[in-house]
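Next, two complexes with subunit A in common: one pairs it with subunit B, the other with subunit C.
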Partner chain A sequence: MWKLLKIELFKIFKRPRTYIAFGAIAAIVFLFQIALWFDGKTYIGLILGNIDTSFDFSDQFKTRLLNGYFVCFAVLNILLIQMPLLVALIAGDAIAGEANMGTLRLSLTKPVGRTQYMMGKFFASSIYTVSLLLFLAILALLGSIALFGTNDLVIFRSISIHQMSRDDIFWRYIAAFGYAAVALTTVASLAFLLSVFADNSIGPIIATMSIVIVFTILSEMNIPLYDRTIKPYLFTTHMVAWKGFFYVRSNEEGATIKGSIENLPAILKSLSVLLIYIVLFVSSAIWIFRRKDILS
Partner chain B sequence: MADIIVAKNLFKQFNEIKAVDDLSFSVPEGNIYGFLGQNGAGKSTSIRMLLTLISPTSGQIEIFGMDLQRHRKEILQRTGAIIERPDLYKYLTALENLRIFAVLSGIKVTQKQLMDQLEKVGLSDRASSKIKTYSQGMKQRLGIAIALIHQPQLIILDEPMNGLDPQGIADVRNLILRLSKEEKKTIMVSSHLLSEMELIADSMLIIDKGKKIVEGKMTDLFAPSETIVELKTNDVARAYEKIQKGDLRKYVVSRKGDSILFRIHRAKVPMLVKDLVQMNIEIISLSPKHSLENYFLSLTTENQHVEAFKDRII
Partner chain C sequence: MIFSSTFIVFKKQRYNKYSFATIFFLSLLLNANAQTGEQVIQKIKMKLEKINDYQAEGTMKTNVAFIKAPVANVKIFYKKPDKLLILNETGISFIPKGSVNINVNNVFVHMQSFDIIDGGTDSEGLRVLKLLPKDDTADIVLSTLYIDEKNMVVKRSKTTTKENGTYELEMSYGKYLEYGLPDKIIFSFNTKDYKLPKGITLDYDDGSEKNGDTLKNKKGTVEIDYKNYVINKGVDNKIFDR
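Now for the complex of A and B:
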């Protein structure tokens, strides 16, 4: 199994197309950081919007708001929606790409079990996903801290404002990146499943993105009927639960409780749903692949 | 001599199409076993079933005396294969490709062993070149190096001469003969290149529309005492009608275009000439056609298929 995983990782990281995703992430993060470096106050003004008139924030507050933690949160809000495409590029290619190249039939004439082969490919796709997130974490979190420094993090929601002290934030990012890894692995496992049906990787990549887009639109729709019937079962509904690590509880005086999470059970429930989806997608992929005639 | 492969009553159906239809055959140890048939005859499907790429709809396959489904891993550890084109990872070098498939074959190899293997197929000087820079012939040689890296006892080659130039075909032919004679490997080769099979095969199987037509040793199939004789005449329809009315009809194997093929004992050829003359059949030529190609033609009854097959003969 370890040998298969090493081979798959070797193949993934030897392909030039693998680095397109890393390049895209680096470009977006750098452009965003440069924009905030030169014109951060305008961006903060846009974020505060109507709230500013109600609370009358001081200039000092606004300056403190623009720090590395805040920039990282803004980057994640933008990028974690786009990253499924980058993940699908590799996971959707896992089996379909081999079938297209003609290497699938040669590999399966070797004394390797099909289940082992699939597990090796799935774990390699997952490691790629995690490495993309690590790369994002280094650039978005450490890069932003280096550029903008650290300070308290203020998160604005439609119903509330959450403020965390600077020594109560880093662990939240670690947890959020960990959760995002599971969320993106769910997308990877969907692309992996679709890859089993195709002899060309374009099909599974487009199909994965179409499903993610349709499900995301349904998850965002404010229709009460869907809130109870459809949304709880869509994996896209649960992919954004990483934000929950930045929603804190307050005490009776209205002060933030350090180390608190507003709704940990909801995060854990969403995490469980995503894990169930991963198991379902991967086991279906293996079940189908074990019975598949290799005609490519 | 024991049989290395024993296939019994293999069926494979894709929706409404029967790709392989009650096919049984056995491959003797140490033989070069030719597997012949026109395109779409079911050769590749049969070979893919032997390599577990396709599951038979029904039937049983034993290799090395073991059931293929239950002992897949043990069997594949002792088997090397090339299926159709030797498709490899184009963005990797020859050495990297060879190393990957060596690991998948379950063996530990050193850099020197890999280079030695590339040396054997004449690719050591291009070991660090990416496959996308390789010619078809070089890819085929690398494919053979990959198939042989784990020293298999059984080698299955599906159309190994496809896309090769005459020199490439000769190289593959010599390699197959060397592996058989010097290293005592059992080799199953599918091909539509009848003339090539004639040069290398010890025994053969001919299939058509998924069914076995004939199987046996080359020496038995081409009984030295018998020959195929082709009669060319001005009016083949009339001649054929006359022949069908007499005793000569038992020697007729097929009628095609302006000729009639007979399969007859060599000693009876003068009698055949005499009888044809006596029947007032105008003979333009009467020539022996003792080759695998003609043997195949004699077994195939549908001219349309024969024509399609002949188009591919080099």
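Now for the complex of A and C:
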């Protein structure tokens, strides 16, 4: 299995297009950091505009608010919506790419079971996903800390504001990146499943993105009918639960409780939903692949 | 019988005469000691004028329905006549508008702009003085001071403004009573609704924000516990330029 995994990883990281995703992430993060470096106060002003009639926000407040932790959160807020596309580029190519090149049948002539072959492919796609996230973490978190320094983190939700002290943040990012790895692996497993049906990788990649986009729109819509019926079952609803690590509890006087998470059971529930989806997609892909006539 | 009843009436009349006289003299005496609103204000003003500047350390708790923030370690700087700065160690604190009013000296500095109306005493025995601005265009509509006449300090104040609603200030005194500086203040203020479109925040719905309506139009408070004051040791003007 390890040998199979090494071969699949070699295949992934040998292709130049694999690095397009790394390049795209580096470009987006860098451009965002540059924009906030030069015009961050305008961005902060836009967010604070809603409450600046009640509070005094000095220039010093805005400068301190725009620290590395805040910049990283803003980057993740934008990038983690786009990242499924980058993940689908590789996972959607896993089987369909081999079929397209006509190497699938050849690969299966080796003394390796189809299940093992599929697991090797899936684990390789997952490792690619995690390495992409690790790269993002280094650039977005460590890069932003190096550029903007550290301070308290303030999260602006739709109807509440959560502030955490600077020594209570780093562990939240580790947890959030861990959760995001599971969320993106869900997308990878969906692309992996769709890849089984196609002989060309473009189909599964576009299909995966279409599903993610439609589901994301449904997840963000505030329609009571969908809130109760569809939303709880969409994996996209649970993909944003990494943010839950930045929602804190407060005591009776409204003061933040250090090290607290507002609703950990909700995050764990979302995590379980994603894990169920991964198991469902991957096992379906294996089941279908085992019964499939390999013609190319 | 007639004699005895006449005697009782006479005694009653005599008793009433003495009583009235006593009350009359007592009231004269009390009136002589009672201070007018202006006098009370003047005495407190003189007490507060002993302070040219101060810096104090303390902790600040912000209690606003839609804000969850840690208890902050703050430094408060004051310089005559009305410069005040609350400085958080991290620089990130939600300081309400009108926070300059946490410094009660501010009211006394501009006292010549107000007419003073004596409101008597309240149920706690505090002297109530109402300050009405002479200028119709002033932002302050009415300011009410609740004064502890024994110690000559302001215990509570309530200020209604045109632009920013009503501020209330409650002060507890201890070690620095002689300077008229509080050990603890609770500053209450009106907050406006806070709402950002969900499309901007892309919130994770963990079920904790369902009761959004309960967060609207509530009063917020800022509570500052002063640990120590350094009085009249000089405060650099530059510090207020932040």
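Just so it is clear, the second predicted complex is superposed on the first by the 296 of 296 C-alpha atoms of A that agree within 3 Å, B and C clash if a C-alpha of one lies under 4 Å from a C-alpha of the other, contacts with A are read in each partner's own complex, and residues count from 1 in each chain.
To be clear about the criterion, a contact is a pair of C-beta atoms (placed from the backbone, for glycine too) under 8 Å apart; a residue touches a chain by one contact, two chains touch by 3 or more.
Since we're looking at a predicted model, the values are computed, not measured.
*Asks:* For the overlay on subunit A, clash or fit between subunit B and subunit C?
*Replies:* Aligned on subunit A, subunit B and subunit C fit with no clash.
*Asks:* Determine, for the superposed model, which of the two partners subunit B and subunit C contacts more residues of subunit A.
*Replies:* Touching more residues of subunit A than the other partner does is C.
*Asks:* Go through the superposed model and pick first if A:15 touches only subunit B, second if only subunit C, both, or neither.
*Replies:* Once the two structures are laid over each other on A, A:15 reaches subunit B alone.
*Asks:* Identify the partner contact of A:103: answer first if only subunit B is touched, second if only subunit C is, both if each is, neither if none is.
*Replies:* first
*Asks:* Report for A:279: first if it touches subunit B alone, second if subunit C alone, otherwise both or neither.
*Replies:* After superposing on A, A:279 lies clear of both subunit B and subunit C.
*Asks:* Applying the document's definition of touch, where does A:174 land relative to subunit B and subunit C: first, second, both, or neither?
*Replies:* neither
*Asks:* Tell me the contact category for A:65 with respect to subunit B and subunit C: first, second, both or neither.
*Replies:* So A:65 only meets subunit C here.
*Asks:* Answer with first, second, both or neither: which of subunit B and subunit C does A:31 touch in the superposed model?
*Replies:* Neither partner.
*Asks:* Is A:294 in contact with subunit B, with subunit C, with both, or with neither (first, second, both, neither)?
*Replies:* first
*Asks:* Of the two partner chains, subunit B (first) and subunit C (second), which one does A:160 touch, if any: first, second, both, or neither?
*Replies:* The second partner, subunit C, only.
*Asks:* Pick one for A:111: touches subunit B only (first), subunit C only (second), both, or neither.
*Replies:* Only subunit B; A:111 stays clear of subunit C.
*Asks:* Looking at the superposed set of three chains, what is the minimum CA distance between subunit B and subunit C in Å?
*Replies:* Between subunit B and subunit C, the shortest C-alpha distance works out to 40 Å.
*Asks:* Determine where on subunit A the residues touched by subunit B overlap those touched by subunit C, and list them.
*Replies:* After superposing on chain A, no subunit A residue contacts both subunit B and subunit C.
*Asks:* Help me check something: in the complex, which residues belonging to subunit B touch subunit A?
*Replies:* Of all residues in subunit B, those touching subunit A are 48, 51-55, 72-74, 76-77, 79, 81-92, 96, 100-101, 103-106, 143, 146.
*Asks:* Give every residue of subunit A touching subunit B within the complex, in rising order.
*Replies:* Interface residues on subunit A, with respect to subunit B: 3-4, 7, 10-11, 14-16, 101-103, 105-113, 291, 293-295.
*Asks:* Please name which positions on subunit C make contact with subunit A in the complex.
*Replies:* Touching subunit A from subunit C are residues 61-71, 90-97, 99, 164, 189-192, 194-199, 201-209, 212, 215, 220, 223, 242.
*Asks:* Residues of subunit A touching subunit C in their complex?
*Replies:* 47, 50-51, 53-56, 58-61, 63-65, 77, 81, 151-152, 154, 156-166, 220, 222, 237, 240-244, 247-250, 253-256, 258, 262-263, 266-267, 270
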